[in-house]
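Sharing a structure with you now.
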Amino acid sequence: MTEQSRTDSTDGNKRHYSHTLDLSKGKVEMVHGSGGKAMAQLIDELFLNAFSNPWLDEMNDQACFQLPAGRVVMATDSHVISPLFFPGGDIGCLSVHGTVNDVAMSGAVPKYLSAGFILEEGYPLADLQTIVTSMAAAAEEAGVYIVTGDTKVVERGKGDGCFITTTGIGVVPEGVSMGADRVTAGDKIIVSGSLGDHGVAIMSLRENLTFETTIESDTQSLNDLVAAMVEVVPDIHCLRDPTRGGLSATLNEIAQQSKVGMQVYETEIPVKPQVKAACEFLGLDPLFVANEGKLVAFCPADKAEQLLAVMRAHPKGMDAAIIGDVIEDDLQFVQMQTAFGGNRMVDWINGEQLPRIC
Amino acid sequence: MCLAIPVRIEEILGDETAMADIGGVRKEINVALIADLAVGDFVIMHVGYALNKIDPDEAERTLALFAELDALSQQDIIEAAQ
Amino acid sequence: MKYVDEYRDGGLAREIAAKICAEATPERAYHFMEFCGGHTHAIFRYGIPDLLPDNVKMIHGPGCPVCVLPIPRLDAAIELAVTHGVTLCSYGDMLRVPGSRKRSLLKAKAEGADVRMVYSCMDALRIAQENPEKEVVFFAIGFETTTPPTALVINQAKKLGLKNFTVYCNHVLTPAAISNILESPEVRELGVLPLDGFVGPAHVSTVIGSQPYHYFAEEYQKPVVIAGFEPLDVLQAILMLVRQINEGRAEVENEFSRAVTYMGNSRAKQVVADTFELRRSFEWRGLGVVPYSALKIKDSLSEFDAEKRFIVDYRSTRENKSCECGAILRGVKSPRDCTLFGDPCTPENPLGSCMVSSEGACAAYYSYGRYQERTFATDQSHPAA
Amino acid sequence: MTEQSRTDSTDGNKRHYSHTLDLSKGKVEMVHGSGGKAMAQLIDELFLNAFSNPWLDEMNDQACFQLPAGRVVMATDSHVISPLFFPGGDIGCLSVHGTVNDVAMSGAVPKYLSAGFILEEGYPLADLQTIVTSMAAAAEEAGVYIVTGDTKVVERGKGDGCFITTTGIGVVPEGVSMGADRVTAGDKIIVSGSLGDHGVAIMSLRENLTFETTIESDTQSLNDLVAAMVEVVPDIHCLRDPTRGGLSATLNEIAQQSKVGMQVYETEIPVKPQVKAACEFLGLDPLFVANEGKLVAFCPADKAEQLLAVMRAHPKGMDAAIIGDVIEDDLQFVQMQTAFGGNRMVDWINGEQLPRIC
Amino acid sequence: MKYVDEYRDGGLAREIAAKICAEATPERAYHFMEFCGGHTHAIFRYGIPDLLPDNVKMIHGPGCPVCVLPIPRLDAAIELAVTHGVTLCSYGDMLRVPGSRKRSLLKAKAEGADVRMVYSCMDALRIAQENPEKEVVFFAIGFETTTPPTALVINQAKKLGLKNFTVYCNHVLTPAAISNILESPEVRELGVLPLDGFVGPAHVSTVIGSQPYHYFAEEYQKPVVIAGFEPLDVLQAILMLVRQINEGRAEVENEFSRAVTYMGNSRAKQVVADTFELRRSFEWRGLGVVPYSALKIKDSLSEFDAEKRFIVDYRSTRENKSCECGAILRGVKSPRDCTLFGDPCTPENPLGSCMVSSEGACAAYYSYGRYQERTFATDQSHPAA
Amino acid sequence: MCLAIPVRIEEILGDETAMADIGGVRKEINVALIADLAVGDFVIMHVGYALNKIDPDEAERTLALFAELDALSQQDIIEAAQ
């Protein structure tokens, strides 16, 4: 092969480039989204490298995989968190967890992910690599494959570093049928662990709040926890991860969709002391604060203790707790008995005065 | 708006700032309004500023007031029951 | 948390409540105004009305700085951001208050104005330092609690020689508002507003002390109990007021003695006196024009006064005529009396300021209190038990 | 029901809000992404309204549908086009076409879509509704359902009005097996119509280029065309839509993945005169310009005429043409015989000096 | 398109090519320099070398304005954007040229500098009008073709009274560069660069006319044929040069008579003369310092001269020492002689300016010419036939 | 950089601007450098400015030059074949 031909030579399936990407000092440039060789190189050296799997390696504009007949679940989340790196995680792993969890909340087993990147011109490639590496690790931990993707670059000032939209595909096991409208009076309400960690970890970084905590985001995938739960109690009525809007949004949404009321008990809701303290001085309610590694389960009362035991036996559900009851209520109110003894409503979060949290 | 919270002074950082502990959360606050501040003092913090010190004896006394009432009310109940 | 958790003990609460029930004479009604929105919030958040006998009623006062700001001054802040193009820094609650033509600072922000939410006035100062090319205005609202920090940043701006930082001052004074209520025809002549005593401010009093309230107790023969913002503080203060009434006393008592002294914080009072001077009069939402009820920046510091640097236009505006915020802030109506409450007025689409601030009576009612309007089992057993 | 309760009442599955969204003068606010009631309202009144279908109407955080056993295809595209509205389309229909086409390019039948919206604070709700309506119409035309979604709001200056990431799921018919590595020497190269329309339509709007054409973007879904093609010639070796980077990027990518060379003939490549003219004065090559409603097919030479006939019989392939041959070439060069008679390389597009085109 | 398509006719091309083959004397070699990058580009894009006999060789000249700009002046433009914070408007090709330390305007943009690609200098003027708070600098490069538009916008800026618009002038002159090549030791003494004639500029000549080339033809006894940028124009010019050589003539002939007159465009020359004056000397990449080879803005218009408004620092810099751009621009080397060509130097990662501009010899070689280096069937039959 | 293209003047819009047609594409261009411009004229456009008019007769002549060559070369071929 002549010298000049090296430029275009291939090494197995890998394309060869005359320069490797400058992953230490390089920046995202408009050309990385142009559809040309620079884009191909970014995809090859950054994304293919990190995510490599048989489906992605095909390098088609789509991935093709075999699924058994049955019910398939699809979920998507766009991630725009700021800052991109935070205690306990980054947008990379978060973008895997966020979608894996939405798939898992149907009781399904998540299998494949797609990832769409919207990068801002000037974003450091080194940071992008950290993000991509974190995604890869999160996918591996969750047992899912990132099989297809897309990369766009927007001009400086038209984006915010890196946005990631992931979509997940999963398969629902036989006998599982959950839904936000399947909750009935008499169900118990269970959370898988302490609330508010993610939102407080993010807020602690906000320029004009700046406080120090040892709280880390709880961002994690919950599909293994769900699999354990479903195995023992297949007839869970509903699962939901209380992300934006926190527990209050989740309870209110499901109350409306299932046309029920909810009664929860403040003393039973696990909240870490530092989260409580931060909420106290910021004037927030921990029930409104986002989580990224917790779930709320609604299950028949007679299965609640059994389910709780399974959850507590799992490392991602050690602090699980039964926090309340689903009740009949035409008005579909969510009420909370306070630690103080009174009863009050738990309304939807109102307003957005927080940093972007997912 | 008048949201304020008792915080414990952990460290005095300068003329006007101190590190405060709020239930395990740490935050730098402005203490320019407080005279004779010492580590271990509790102050009421509002919008990042210490407004006043908390008097631990008075705090005890208020709790005792609740407790006294408690004792008193129990006595009432006993009297009423007689 | 120390000095917090012990004042939220449910067991003690029930005992103090039992005491109130026992001591409140069934033949008469007790009407107490909590001046502060902080108390209003605590009352609803902890469900205190559930614990009080029917003849002990709480009246919500005007002590919410967001609620009492008149619309023309809010409009002026929006104009500063929109027309003058300044970077307007505001505490969070203020952002969603509807001004004229349903505008708000948040809507102005969505339309491109540079509006920033700050946690502290020192953040506004920092923004000014970091952006020397921008005019930064701090939208200062609040009672005596919030005034000393504003005074400190103005003095710090002077020390730093900042040329791009001003304060749009809307600080108001608690005693003037209490006077106004006590002097109002509703209280003095019409008797529309029965008022047997005051739960006095918590954090305001840490600054001004308990001394200013003695005038009210003596002049108007109304008992005042200064109370902390924790629920036990509030219950205890109510009990102390019931006792004063029963005993025919009208004194100033200090339940919040752990943070409030007779004279308050003299350093704080001094920096405020050095920085601000009294306005001859100031308009309050609900209360109307109240003489000597607000502060402005002293002439010697006028370079930091946004009202001096910018031409601020106060057009008279009409509030939504069905909104009862004014009457609610005077204590003569309750949110339930407003036909707009709940539909269409909600925290997502507030029609009045009282539905915005978490210390506003309408918001407190809406967010915590709606369910109380119907029968529900008060003796529900504990689920996890 | 008491007066206050109306606020929380439900009407069938629909939630009731005290105000309807102001779709004429309203703007996207941060609160629309907060996870609270304002977000629920945006979703209900805008997205659910436009996209309504049995899966989406379930209002879970994921959609669940039945698939037959077999090969499933997944593709994703993030759309960041600027401007959002352009002659022949808008980001809404484009975001459906872009992903439907990536699914279809495997030979699969696209079935379900997810949609992730990243909205910039201040974006007019009226424009958003136009976009969403256009998406709904495009989905209907393509016979796909938007079954799940996500909405995020970023602060003004951190986005660019509206970004949409769509992901599609499709099912591959028996006997179809395409891939970028399946192209072999001897295959014919066929395009489905004229090239460069989309890119030129977008460029004509660029502030500093401003020229007038009657050229409209070719944005359209191609799944029906593909279905017709696959029915007659199931053993098409590869399909690809020449989007960013244009025909040259597609040919070069596939040459490398299939380790072949390509020889195309300029006189056979359909390019509209106005597109040619615009490229001429901008100094561009039509082969580098993006398309959003065209495909390139690689098929065995003995099936080429049959395939061409099917394509020409379809309204979306009327101008289809055989433009070249796949040849053996270790160097995997793409060459073009120019109309002038010389032969030259067709390299990858180089650099990105164009507006964002997809 | 009229005046385009008819000059790209492949049938005619083969006939002219056959003529060249027939008339070029096999015993001798013909070395013609096409001065312009536009010709270089056309030669590669249309595969003209394939059509020429082996003894007719084209030498690529320095007529690519992007290629000849010396690095210190590019660095200065980057500094204007980065250090002075101006809005720097540039024609597209210039954005990707590597300056010192691998910086480029595009990389500066990615790092936050306000760099805008413009299609026309009037866009830069418009940006200045629309952004009165910004300093807008137009990075003017180019030969006589591009100079008159720059002159027009400077005059328009004066008419509009713009205070925030300046031009960083790097306009250069074609005749000076031709002289320099003809005077170079490679041509005159060493004979390294055999040069039998010139294909003269197309669009430059529409402005300056054919008149200036007569000096070269006479003084240096080299034939010049001014040619259009379409492939038939180029082939025809080559044929005309071959004939001049064969006939021992050294004249100026005008193949591009449809757009080029003897005197050129007098209006354009006048506005240039009114706006610019000669620089005593100017550095060219490849050619070195060339006397009276460039223009600067007249003192009377100095308010629009970026070099007067900003302190522009020309640090001497070293180019990549293996990059042969300099020698290529002088015509003494070909891209093939550069060890960096193709690996690592490619259009995506250019190491020299000649790999950036589509008129640069390296880029033209790389993008269109690589395949020619190996044997391929020249008589491939048509596929669709 | 010296990219320029023949365009046809469709309409004269003012002292210095005209609407030009470029193979069906329309673009407003600056014509300040051109004297005696008329609708129907072809000009060479560079960076949005007309640089010079195209002389249709000269264009014909150049094409004829190619054609003449053609005739000539055929004659050569005939001669060579004899």
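Order of writing sets the labels: A, B, C, D, E and F. Residues in every chain begin at 1.
Heads up, the rule we're going with is that a contact is a pair of C-beta atoms (placed from the backbone, for glycine too) under 8 Å apart; a residue touches a chain by one contact, two chains touch by 3 or more.
These numbers were taken from a predicted model, which means no experiment stands behind them.
Novice: By the touch rule set out at the top, what is the minimum number of steps from subunit A to subunit F?
Specialist: 2
Novice: Taking a step as a move to a touching chain, how many steps at least join subunit C to subunit D?
Specialist: Each step joins two touching chains, and the minimum needed here is 1.
Novice: From the C-alpha centres, identify the chain that is farthest from subunit F.
Specialist: Result for the farthest chain: B.
Novice: Measuring from the mean C-alpha position of subunit C to the mean C-alpha position of subunit E, what distance in angstrom results?
Specialist: Centre-to-centre distance between subunit C and subunit E: 73 Å.
Novice: Just how far, in Å, is the C-alpha centre of subunit E from the one of subunit D?
Specialist: Result: the chain centres lie 39 Å from each other.
Novice: Suppose each chain is reduced to the average of its Cα coordinates; what separation in Å results between subunit B and subunit F?
Specialist: Computed from C-alpha means, the inter-chain centre distance equals 88 Å.
Novice: I'd like the Å distance between the centres of subunit C and subunit F, where a centre is the mean of that chain's Cα atoms.
Specialist: 78
Novice: On subunit A, where are the residues touching two or more other chains?
Specialist: In subunit A, residues 5, 29-31, 36-37, 273, 276-277, 280, 283, 331, 333, 350-351 touch at least two other chains, as defined above.
Novice: Please output the residue numbers of subunit B that touch at least 2 other chains, ranges allowed.
Specialist: 3, 5, 22-23
Novice: Quick one: which residues in subunit C touch 2 or more of the other chains?
Specialist: Correct list: 1, 4, 119-120, 348, 370, 374.
Novice: Once the touch criterion is applied, which pairs of chains come out as touching?
Specialist: Result of the pairwise touch check is A-B, A-C, A-D, A-E, B-C, C-D, D-E, D-F, E-F.
Novice: Across the complex, what residues on subunit F touch subunit E?
Specialist: Contacts found on subunit F: 1-6, 8, 22-23, 30, 32-35, 42, 44, 46-49, 51-56, 58-59, 61-63, 65-67, 69-70, 72-73, 76-77.
Novice: In the complex, go through subunit E and note every residue touching subunit D.
Specialist: For this pair, the touching residues of subunit E are 1, 4, 8-11, 13-14, 44-48, 50-51, 92, 95-96, 116-120, 123, 231, 347-348, 358, 366-371, 374, 376, 378, 380, 382-384.
Novice: Enumerate the contact residues on subunit B facing subunit A in the complex.
Specialist: Going by the criterion above, the answer is residues 3, 5, 7, 22-28, 45.
Novice: So in the complex, which bits of subunit D are touching subunit F?
Specialist: It comes out as residues 204, 210-214, 273-274, 276-278, 280-281, 283.
Novice: Going by the contact rule set out above, which residues of subunit E touch subunit A in the complex?
Specialist: 106-107, 109-112, 341-346, 348-349, 370, 373-374
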